[in-house]
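Order of writing sets the labels: A, B and C. Residues in every chain begin at 1.
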Amino acid sequence: MSLKPLLRKVFLVDLIKGLKVTFHYQPPSQAITEQYPLERPVIFERFRGQPRLKVDPDKGNSLCIVCNLCALACPEQLIVVKGERNPVTKRKEPVSWTYDLSRCMFCGLCAEACSTDALELTQDYEMALYSREGMVLDQAALERGQEPVRYVK
Amino acid sequence: MTDNDRTAYLDLDTKDETFLDATELVLNMGPQHPSTHGVLRVILKLDGEKVLGTECVIGYLHRGVEKIGENRTYAMFNPYVDRMDYVAAVSNGLGYCEAVEKLLNVEAPPRAQYIRVILTELCRIASHQVWLGTHALDIGALTPLFYCFRDREEILKIFEKYCGARLTTHAFRIGGCIYETYDGFEQDCKQFCDAFLPKLDEYEELLTTNRIWVERTKGVGILKPEDCIALGVTGPVLRASGVTWDLRKKQPYESYKDFEFEIPIGLNGDTYDRYLVRIEEMRQAVRIIRQAVDGLPSGPIMAKVPKVIKPAPGEIYHSIEAPKGELGYFIVSDGSTQPYRMRVRPPSFVNLQALDKMVRGLLVADVVAVIGTLDIVLGEVDR
Amino acid sequence: MLDALKSYLTAGNTPGEAGSMLWATIYILVITLGISLAVIAMNWLERKILAHMQIRLGPMRVGPHGLLQPFADALKLLIKEDIIPQEADKLVFWMAPVVVTMTAFTTFLVVPFGRTHAVTDMNIGVLFMLGISSLGVLGIIMAGWSSNSHYPLMGALRSSAQMVSYEVAMGLAIVSAVLMTSLKSGTGTLSMIGIVEAQNAQQTWFIFKFFPLGFLAFAVFAIAMIAETNRAPFDLPEAESELVAGFHTEYSGFRWSLFFLAEYAAMLAVSSIAVTLWLGGWMRPFPNWLGGATWDMAFSFVPALSLFVLAGMCLLGALRMPRIPQMRIQTVGLAMFGSLLGFVGLVLLVPAVRDRIQDIFWFVAKVAFFMYLYIWYRGTFPRYRFDQLMRVGWKVLLPIGLGVLIATAIVGLFPQLTSVMAGVTQ
């Protein structure tokens, strides 16, 4: 073996190089841990999280016109919409609107298909519940959006 | 089928009384094991410490994805495809969208193709990072795992900014992309590339010349090129054995023709070569990303695809170079909105068949290293 | 009573030498408590330092910055269900952790924390420590055998083979150091205190003696001691990603914690041997280069200063805690801990305490350095496979150890050899 590799082998140069790398990362400023729930992650705009039905801010009625496109687009068929035509405003209004969160895979096809931009997937991700009952959302729950439980006053 | 039927071909000696008298021992590396990268059961026939034969039992993660495919429309099936190789979801989506586009005879516009290539190469780096971290962990080095996941975090942030999800991205659509690049996409990619290459040098410092690493991986799990081709092994495993075959060069798809990059080829086909090949692939991926980001054309991102996708009756097989090997989709259409048959050729499933050939004569401690070096994801193996 | 205390404090030899059973017992109790505290601290330090090397934070929740984590772990292990395999050999199963722990603790009988701070000073101190730690191997085999399962048995046999192989290399390195003790006085000594006194007399730490021979012997010992204690990169018998899960698979709860305690105590013991033999034991750094009364006094302030630094870090951490109601208890706890450390530092400033504590502090600091090395290696290196491990032990360390021994002997005898040769030729 030529001299330089032999010296490297004898003086454990490769092992020392590795030791230097781990030594260099020790200061706590290098740690990338995010201490949830004290530190929350930054969620970006396009995040596909909790679904939400939008409401017209001026008039207060739902933006949904019961076109049923979202229900047709969903791969798991977990949206069921029923509506009736309102003779005054001459548009369909939702009577019952259910979304089964337990089977949803948050693919976003429903929000893409929505013709009036009423259904959107928000940036909420804390959807844990203690029982299955709360997982089928109705219209009121969808319009309210998420309400995390606060444990400390 | 009992275990006896399954292992009958291994010719086990059943006459021996205690295990201390027996010269052969059957060891079960069960579905729950820290090193089998998922729920994989490996039955090993040992002579002391030497491995005489193996049998893999899979199916613990079978979810019937191909059957689901027969009951969903083409656009609806897109999200399911991410869940197969869940480590590198973007490339699954790419393969599927390309296959259906070929069936429809449309081509995605150039801008969409460049965006797809950027995201796929980022996904390749992300997948190789998972591989590097877990492989090093199996061999005993605890820290590269965390460093690799730190880099992977940056990539997942870019995915989240682009399409809204980190892991099950559903990034592409049939005909192109639905999401336009966000403000700062090019900066983010460039920043990632610049920050990533020095980190890769650090991983090399930790592992490549480390004498313990070299001793654990050199000469372990050698796979000869003829065996690779006979078994149908593809991807970095094939290239490390010396066969020059990469679908990005041999059957170019998307816009890979426009980019200059090299394919690393190994010499010996052992674990060390596979490690070197994948590290170099990450470097070349950075090269591709830089070229793509610099040359991103303007224009539409979605081709003219009908709202209801009803391809003409026919069949197509299209494969791409996923991070783990050749990922192929064989779609048979009968003219309706739902495919008649949706068959996926997963690279990990085919690569796993090489396990038996590679571990004969090795020690038990090496089996773990060899499973790691094959880079299997059980979601893909079982579908 | 006070006279007895005074006479003890001004004594010139260890309690064992003085024949005082009372003080020897007190020392034994203090040392046992000290080792347990050290193991608890090591647990916390290992998790935190390893975590920081892996760019994460480690335990942060259980106490302020995870300081109460070891206590939580100990409590959990104590209240766990005691499971014994049905076919296990019950007596041997019960005895194995006892054997391992007792041997690990017994080695500390001769470890010198200072000139008079040892339980006793046997004239075969080093041999005693080596012999007792070899007894620990018996405990491991007992553990593997009595578990009545082939994975622990294979793991135990592997572990014991590894430990026995590296003991040979350790022994050779120790003999090289012992050889060096005879250079000035003409007679060598195996006594731990005698070895440090020899280094004092020869005005040099043995690691620097006959450079590079002393350093090579130290290096051989340093590598062998890691393999002896089954730590990375030689921890294949304990590795979780291997099929053979190690000799302590069937042990749960308190029995497992005894193995854990024994492992860390063994680490401390072999580090103590290394510190005593090569790094000058309890002597402060640079006794000659920076000699003299003023330097002595300056160095005597270092223990108090180091405690003040630690206290300062705690108080700084308490200031930087998030100001929310849930973290109030932790902030207060950390501030109190910091104040306690500061108070102990103040106590160490008292002149009478300062002189006595010097030796202990430097010894503990050097052993702590070795503990840090253990953690550093665990975070950096991959694992050796078993056959490669044995190859390193027998084919690399043993020849080097033998060569260093012969070279040390020749170099050490050189003055006498030359005078003999001169006498012969005349």
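Here is the rule we use: contacts are C-beta pairs under 8 Å (C-beta built on N, C-alpha and C of every residue); 3 or more make two chains touch, one makes a residue touch a chain.
Treat the numbers as computed from the prediction; the structure is a model and nothing was measured.
Undergrad: When the mean CA coordinate of each chain is compared with the mean CA coordinate of the whole protein, which chain is closest?
TA: Of the chains present, the most centrally placed is B.
Undergrad: Return the chain whose centre of C-alpha atoms lies at maximal distance from the corresponding centre of chain C.
TA: A
Undergrad: Please tell me the distance, in whole Å, between the geometric centres of chain A and chain B computed from their C-alpha atoms.
TA: Spacing between the chain centres: roughly 26 Å.
Undergrad: How big is the gap, in whole Å, between where the Cα atoms of chain A centre and where those of chain C centre?
TA: 51
Undergrad: Between chain B and chain C, what is the gap in Å from one C-alpha centre to the other?
TA: Averaging C-alpha atoms per chain gives centres 46 Å apart.
Undergrad: Among all residues of chain B, which ones touch two or more of the remaining chains?
TA: In chain B, the residues touching two or more other chains are 143, 147, 150, 206-207, 210, 212.
Undergrad: Listing for chain C: what residues touch at least two other chains?
TA: Within chain C, the residues that touch at least two other chains are 53-56, 379-381.
Undergrad: Note the residues in chain A that touch 2 or more other chains, in rising order.
TA: 15, 18, 21-22, 25, 32
Undergrad: Would you mind writing out the residues of chain B in touch with chain C in their complex?
TA: Where chain B meets chain C, its residues are 19, 25, 27, 29, 34-35, 49, 136-143, 145-147, 150, 206-207, 210, 212-213, 215-216, 363-366, 368.
Undergrad: Taking the complex as given, what residues does chain C use to touch chain B?
TA: 50, 53-56, 150, 232-233, 235-236, 239-244, 378-388
Undergrad: What part of chain A is in contact with chain B in the complex they form?
TA: Going through chain A, the ones touching chain B are 9, 14-15, 17-18, 20-22, 25, 32, 43-48, 73-75, 105-109, 112, 121.
Undergrad: Write out the stretch or stretches of chain A touching chain C in their complex.
TA: These residues of chain A touch chain C: 15, 18-19, 21-23, 25-28, 30-33, 35, 38, 152.
Undergrad: Can you name the residues of chain B that touch chain A in the complex?
TA: So the residues of chain B touching chain A come out as 72, 75-80, 143, 147, 150, 153, 157, 160-165, 168, 170, 178-179, 182, 202, 205-207, 209-212.
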